[in-house]
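When the chains are written out, they are named A, B, C, D and E in that same order, and each has its own residue count from 1.
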Amino acid sequence: MILQDFIALSPILDLGAFSLVTMLAIAFKRHHARIAVFAFLSCLLTLATLPWAATATPRGVTMLLMVDRYALLYMGLILSTTMVIIALSYRYLTIQFREEEGVEEYYLLLLLATFGGLVLTTAAHFVSFFLGFELLGLSLCSLIGYLRTRRHPLEAAVKYLLLSITASAILLFGLALLYFESGTMTFHSVGAIVKQTQTVPALWLGGLILVLVGIALKLGLAPFHMWIPDVYQGAPTPITTYIATVSKAAVIALLLRLTTEVGVLEMPPIVHLFSLLAVVSMVTGNVLALLQQNVKRLLAYSSIAHFGYVLVALLAGGPPAAEAVTFYVIVYCAMSLGAFGVVTVYSNEGEDKDRFEDYQGLFWTRPWLAAMLALSLLSLAGIPVTAGFIGKFYAIAAGVDAGLWWLVLALIANSVVSLYYYLRLIVTLFGEVTEPAAVSQQEAVQRPEFVNWTTVCSLGFVASIILLLGVYPEPLIDLIRHSVNTLLMVAVQRP
Amino acid sequence: MLSTPALVLAMMLFGLGLIGLLSRRNVLYMLLSLEIMLNAAALAFIAGGARWGQVDGEIMFLFILTLAAAEVSVALGIVLQLSYRFRTLDADAFCEMKG
Amino acid sequence: MALWLLILIPILAAPFAWMGEQWSRYAPRWIALGALAVDFLLALLLGGHSDRVQISGHGVWLVESHLSWIPRWGISLHLGLDGLSLVLILLTAFVGVVAIIASWTEIQSRVGLFHCNVLLALGGVIGVFLAIDLFLFFFFWELMLIPMYLLIVIWGHAQRRHASFKFFLFTQAGSLVLLVAIVALALLHQQVTGRPSFDYGDLMGLPLTTDMARWLMLAFLIGFLVKLPAVPVHTWLPDTYTEAPTGATIILAGILAKTGAYGLLRFTIPLFPEVMTEFAPIAMGLGVVGILYGALLACAQTDIKRLVAYSSISHMGFILLGAFAGTELALQGVVMQMVAHGLSTGGLFLLAGALEERYQTREMGQLGGLWGVTPRLATMALFFACASLGLPGLANFIGEFLVLFGAYATQPLMIILASLGMVMAAIYSLGMMQRTFFARQRDALTAPDLSNLAFGTVLFIAALQVWLGLYPKMVLTTTRPVMKQLVQPAVASTNPTHLPSQSLLSSHIVTSQGMTP
Amino acid sequence: MEVLFYITAAVTFLATLRVITHVHAVHALLYLVVALIALSLIFYLLGAEFAAALEIIIYGGAIMVLFIFVVMLLGPLAVEQERTWLTPSAWIGPSILALVLLGEVGYLIAAGDHTALTVGEPRQKAVSIALFGPYIIGVELASMLLLPGLIGAYHLGRRLSKEAR
Amino acid sequence: MLSLLWLIPALPLAGFLLLALCGGRLTRPQIAWVGCGSVGTAAVTTALVATDFFRVFPERESYQQTLWNWIDTSGMTVGISWYLDALSLLMVAVITGIGFLIHLYSAEYMADDDGYARFFAYMNLFVSAMLTLVLADNLLLLYLGWEGVGLCSYLLIGFWYREPEYGAAAQKAFIVTRIGDTAFAVGLFILFTQFKSLSIQQVQSLATESWPVGSDLAIIVAVLFLIGAVGKSAQLPLQVWLPDAMAGPTPVSALIHAATMVTAGVYLIARMHHLFALAPLVQEVIAVLGLATLLLAATSALVQHDIKRVLAYSTMSQIGYMFLALGVGAWSAALFHFLTHSCFKALLFLAAGSVIHSLHHEQDIFKMGGLRRHLPWTFWTFLIGAAAMSGVPLVTSGFYSKDWILWSVWSSPISHRWIWFGALFGAMLTGLYSFRLIFRVFLGEVRTQPTGESGLAMRVPLVVLAFLALTVGFLEMPHTLGNVTVFSQYLSHALPTTEVLPGIDESSEVREQLAVTVAALLGIGLAALLFLPGSMVASRWTDQSTDHSSMTLVQAGWGFDRLYDRLFVRPWFSLTRHSGDMLDRGYEWLAVCVESCHGWMSHTQTGHVRWYAATIAVGTLMLLGLFAL
């Protein structure tokens, strides 16, 4: 390890150090606001190290981590998303933890999860892959059940726990098979072995499929999607947001690196597998969301479909795919933050406000909140002026470029179906205010903390991102192109 | 070499773990089954290490061990809370959210 | 830059219209009217005071504006105004004014938001008519939908949810197919030249394999046919037109439908001249089916707005028929039909809306004998019924007949079938008059006649109808260069011997032409 | 040697089978311990002595104890129940399997041929060098991984102070 | 003065606009002044233009005036331009002249009606449209007028809009004629596609040049035009609308459904005679259709109860004569009959209107009688009109025109003898039903008490028309009887002269004329025998025979209404009633499918974590099975 390695690794090191400091700070004195601010600043400072780290890239730090601009880009995404989530969480937790104790560890866990996410973005080796994966999963598991006195969060936590360990086990077994066949644990050489021999051993392929199943489970691709709605619904809403954004972005970052370095997209069975997963995910997610009456579940199902779209883009292979996938994921994070952010802001003590009735006519009582939700939903639906449109455009472009006509067709058909439920929610927002909705909206408005500057700033930030990317995406596109290029230059300094 | 039979054993153990996961209703048993599955994976890594004469498999085993420890502690915390709130550890009882 | 003003004036006026609600109930209306009036005048100015410069080989642009946007994809903010877009923008601004006046008394709640949405939708439509970068075009194409959707969902009638869903899903399905085709074109450009481009001019000359061209054309066709709408993708229309508030219906029928027709003329036909002849019989067949099917169902309706809605489907059939006829005359007819239909349905829906506002029903069975109660309304309804049935001397007649005259040379049998639509148009138009305004008057039906404002507006539309019906030169000469350009490739690529179809009549034409010295 | 392996494998398999089929938690845990020990023997046979040791120390020791704690915490530890649990059927199975394993270990010690199965170098050294060489980041990450385990267990496991009252 | 031509259609149009826009603010006399004045000035203008026309064009070629280019784009040039020649001048004169008289009459007839302004507005619009029709230089402008008169006819038939039956009659009239119009339009498409022009003169000369006689295309176009003409002129098989059209006010029937609009078909065929000359087959069809219509209508007229329906059928019958003449190539004869018919039929309708007016809108002739003494002016004028229609020899115009037609039929090379006999039988029937009316209405005992003779505004037109009905015939007399050829000479430039079968001599003409005379007189005599009050047969006819089933068939115009009802109307209505939007239902079904799919799939989300784990296991195994093996 030389200085350059440390520079390259500085974001991860920073965040790790900050997590430890946070832990010590909690041990020293519990103070919700201070810890929250500290956590926020940790992310911010880590974010600030990214440009510095970029000077040392691309650089393989030991064989475990590969820090390149691509990883740094995803780190930036993960960190900024986490910051928004922290900002949203503070108000939410103040209300939820009014009569409970131990709110501060939440931020520590959040930082640890983010740490795991950062590791995943750089992972180039089974060990870092697996450890990052578990850091993220395990922290999330605690976070989901963080409101431990409530039944729904606990139920969600146990479901997430059992299924994520299942995922880990499957993933590990897959990795073991790959290792058994190839005798190496770096992504690159695992693929290189197959490329050299020009044959794909069954065990190797089986291992790869198991690994992909593990990843699919984390991403919630059908038929491994079952946990998604329950966990989304049960988890505290900021954590739901986190699962939907950071956790998935990190896994996608890894998946992209894995597929690129191993070169799986040149193997027909894997391409077929991805196609199958993509189509099944799109159809399942959208059909299940169709008449859903719970907003969080609805968004959960829609996320299943969205990662189906991402897979279509991924399948295109090569630079366009990486570019499209990255863009889509960034956009998806923004719009999920928007949608779940509104649910977070709107929720008060007790149950989250996630039933459709709660949102009936929200536009007339809380126009900005409703407008924000509508904007996010339109973005999810892929309507222009919003980032979602450019994202969908990118996905379609990638698919068309690769000639994946049937997948593109499926994407379109599914987009149309998906419109139905987004519109259902939007219509509800603009509907006439009914009696129960009026009561719950009254409650929400009366609380002094209902809207404070943190939530306004964070949602405002998200909204401006959604609109900006929808209207002028060029700077981000440039950034992504430059970053993604490094991913594709496999022949970089490798110890 | 014993690595291939070891891998077969790992697969069998993994299968057993999976069957346990699916067939037991008690969360505790499900966790046990998961432990079996993790162990099976670990065995596979060790077998791989043995096949190639590398230490990497063994090192991977160490990390799996770490995971198992960390995970079991969180899992048992959740199990405790579950038994407080739901008064049962029947996995099928936790189905308030569905549809 | 002036072109951007055309788009931005309504869009920037929109928030003011919303805020205007706080000042006065009428402020949003006046703001909206003002913005559209300024837009109208600006468009007139641009159309009237520019030299005819041919900037690229692919269009006769009067004014052009080019800015970089997303260079990575070869997307630019490229706007261009030619005769066709000029005419349609003027129509847009005018119909927009009509829509605002039609909702003058109908819309009483959330007035500001209503006009905000109207302005946004119109801004989007103007963008559609100006954009000559395909991505930008699609951007505006989608942009106009949301405000439209909100107009239906917030201010619509009882079944608005169902209707708005249908509207949105259908149009979006079409749009997405279109998007795929646009993207495919841009990427083909990349394959050929090494860089993607969404620019109209670049894509025009793209060499395509026949197979590719066939699929892409199909996709473009689907995208625009949904919006037009043509049978069999028309079914969103009756529900939507019926449930939308009057103002929105007027915009939908008067302008939004035209964007589909515009798309056919601007993109579908010129981009794929090679397969155009192959598709022409199918598209024209759909047009004929639309004419007859729409008219048949219009005859079957008891709801006055539904009747007009189905009649719109019938009228749009002429547009489809003409667009693919491949003759300049038919294309000119299409333009005329677009303008005329915008005016006539604008008027008809204004009146239908006025009826609904007065009697809280659209069922013609519950109306009757209104001639004596509201003579102004009845007279104007009669006028527009005549326009709708294609009475000579009114603008619709010019449109329909130019299409029929122009298309007869290529598809005589289809034209004969389409002509049957004229008889059916008489049946439903007169049926509507009979059931609503004639026959015995019901006792309960007493209501004030049209207000001076509404009456003046309708009268003005009527005057325009007559003016265009007797002196369509203004429109026809403005669009002629564009249409001429449009036909050229088709003519060049079509071997004259292929032109006549196998029908009975045309074979006679050939033989008798052969005998002429 | 191979015979040893197969016998151990059979033991592992049988013990594991009993884990997932047994109705009593403690019994199942007991079988699991047996299975883990058997597994550690297999590790040894595959040449991973370090892993074999850790398997027994951490898995069979720490993790299983954790399980047992929880089982004890959850169920009321009535003597009556303890008595019903302590039937021959409960301990005979594990005992037999354990005896088999014991025999194998005894044989191995008696045979004294330790190097036959290992790969030349003393493995522990190689493992250690690898751990703190190329895998140093892995070790750090693993240490970080224990942190959420710790915090999570701490936060989730404790009761509310007012509930305790 | 010729340049004032455009004023002729423009004046009534101005009248229409004035009445339509500020009709509500004018007093009744003002309305009457505007309404009659516009047509009156148009008539005066016509006179001025006519004198100038005769002066400038002694040979009566033609005068053209283009106001502006209506459509001028992409190879189509169509102007708003007028074409004045002998034929159109004749039409214009009739339309403005008789039109003015009828307007004048209406000023009093409609005096009590609510929609006074509306009535005159429609009437003025009609006159304007009709003038456009006959003055049009090109077929598209002609089509404009053609549709315009149809619209006005529709509006005026349904003038009393509160009666649903009237509305139905109006719709029927418009739709039935629209069928013909559509065929006409298709004819236009073919002509334009062939000759790239729509100018009447140009098209015909090009057609004559390029199409041989009897060519398919000529036949097709001619048939299409014929269908248009048949619809407008209420000939078989599109005749069904005319009897119902009597729902409109009587002056309307006089102007539109007797004197002018219904003869538009005759005008069209005459105008396009070059084209029809290329299709002799079609000409034959025209003749046969004319004959069939005239017989059918005459028999129906014989048994009607409603005075206006009798006249309506008689109109159909007389137009049948005109068609017959056109069919045998006797263009001028057809136009001559048009002229005389306009005079006497307008007269008959106006007189009938006078009767109805005085009987409180009673139209059933079986409730009339003995009006001779109460309404002397009406009686005498009606008598003259009936005599003219029956063709009472020597003194009436109808005799000369009908005789000319019959003679042309007799002598034409393209006719058959049996057609002549049919037409002769028709002439006999004409006398019969005309005088049936006279006897029923004016003689016998008084059944309904009349209010008294109408005022001056109604009487003046009656007298003027009666005078014309007697004298117009002297414009053209056969050479056996004075040999006046003013009319045929006048039209000689516009229309070709009639071909005469070689070897027909004067004696056969005399014989033929005698036959016509006898037929007319026989008809009148038969009428006297059957219907003269006091005759034995008359009383029997009244009571019983009208109920007879065969009678009702004839009464209903030989059951064409019922036939069309079965064949077209009912299937159409059942089609519209049962045709929801099929395609829409398809889409809705699709939506339901997806929704039920949702219902099915959401059952898989049981909330049981073990089930979730199972799906994962199964999914994994399936993927492994599918792709690894």
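Criterion: a contact is a pair of C-beta atoms (placed from the backbone, for glycine too) under 8 Å apart; a residue touches a chain by one contact, two chains touch by 3 or more.
Predicted model, so just to flag it, every value in this text is computed and none were measured.
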* **Partner chains that chain C and chain D have in common** => A
* Structure fact -> Taking the mean of all protein C-alpha atoms as the centre, the chain whose own C-alpha mean lies closest is C
* **Chain of greatest Cα-centre distance to chain D** => E
* **Pair of chains joined by more contacts [C-beta pairs], A-B or A-C** => A-B
* Please indicate which chain is farthest from chain B, where distance is taken between mean Cα coordinates of the chains. => E
* Calculate how many whole Å lie between the centre of chain A and the centre of chain D, each centre taken as the average of the chain's C-alpha atoms. => 35
* To do: Can you check how far apart chain B and chain E are, centre to centre, with Cα atoms defining each centre and the answer in Å?
  => 96
* **Centre-to-centre distance between chain E and chain A (centres being mean Cα positions), rounded to whole Å** => 78
* Structure fact -> The distance between the C-alpha centres of chain D and chain E, rounded to whole Å, is 108
* Structure fact -> Touching two or more other chains in chain D are residues 135, 138, 142, 145, 148-149, 152, 154-156
* To do: Among the residues of chain C, pick out those that touch two or more other chains and give their numbers.
  => none
* **Shared interface positions of chain E, touching two or more other chains** => 602, 605, 607, 609, 613
* Structure fact -> Which chains touch? The pairs are A-B, A-C, A-D, A-E, B-D, B-E, C-E
* Structure fact -> Residue positions on chain B within touch of chain A in the complex are 3, 7, 10, 14, 17, 21, 27, 30-31, 34, 37-38, 40-42, 44-45, 47-49, 51-52, 54, 56-57, 59-60, 63-64, 67, 70-71, 74-75, 77-79, 81-82, 85-86, 91, 94-99
* To do: Under the touch definition given earlier, write down the residues of chain A that touch chain B in their complex.
  => 126-127, 130-131, 134, 138, 141-142, 145, 148-152, 154-159, 161-162, 165-166, 168-170, 172-173, 175-177, 179-180, 183, 185, 229-230, 233-234, 292, 297
* Structure fact -> Contacts from chain D onto chain B in the complex sit at residues 1-2, 5-6, 9, 12-13, 16-17, 19-20, 25, 28-29, 32, 35-36, 39, 42-43, 45-48, 50-51, 54-55, 58-59, 62-63, 66-67, 69-71, 73-74, 119, 123, 126-127, 130-131, 135, 138, 142, 145-146, 148-150, 152-157, 159, 163
* Asked: Which part of chain A faces chain E closely enough to touch in the complex?
  -> 158-159, 162-163, 166-167, 170, 202, 205-206, 209-210, 213, 217, 223-224, 226-227, 229-230, 269-270, 272-273, 276, 284, 287-288, 290-292, 417
* Asked: What residues of chain E sit close enough to touch chain C in their complex?
  -> 20, 24, 68-76, 80, 140, 143-144, 146-148, 151, 154-155, 158, 161-164, 167-168, 170-171, 174-175, 178-179, 181-182, 185-186, 188-190, 192-194, 209-212, 215-217, 220, 572, 575-577, 579-581, 583-584, 587
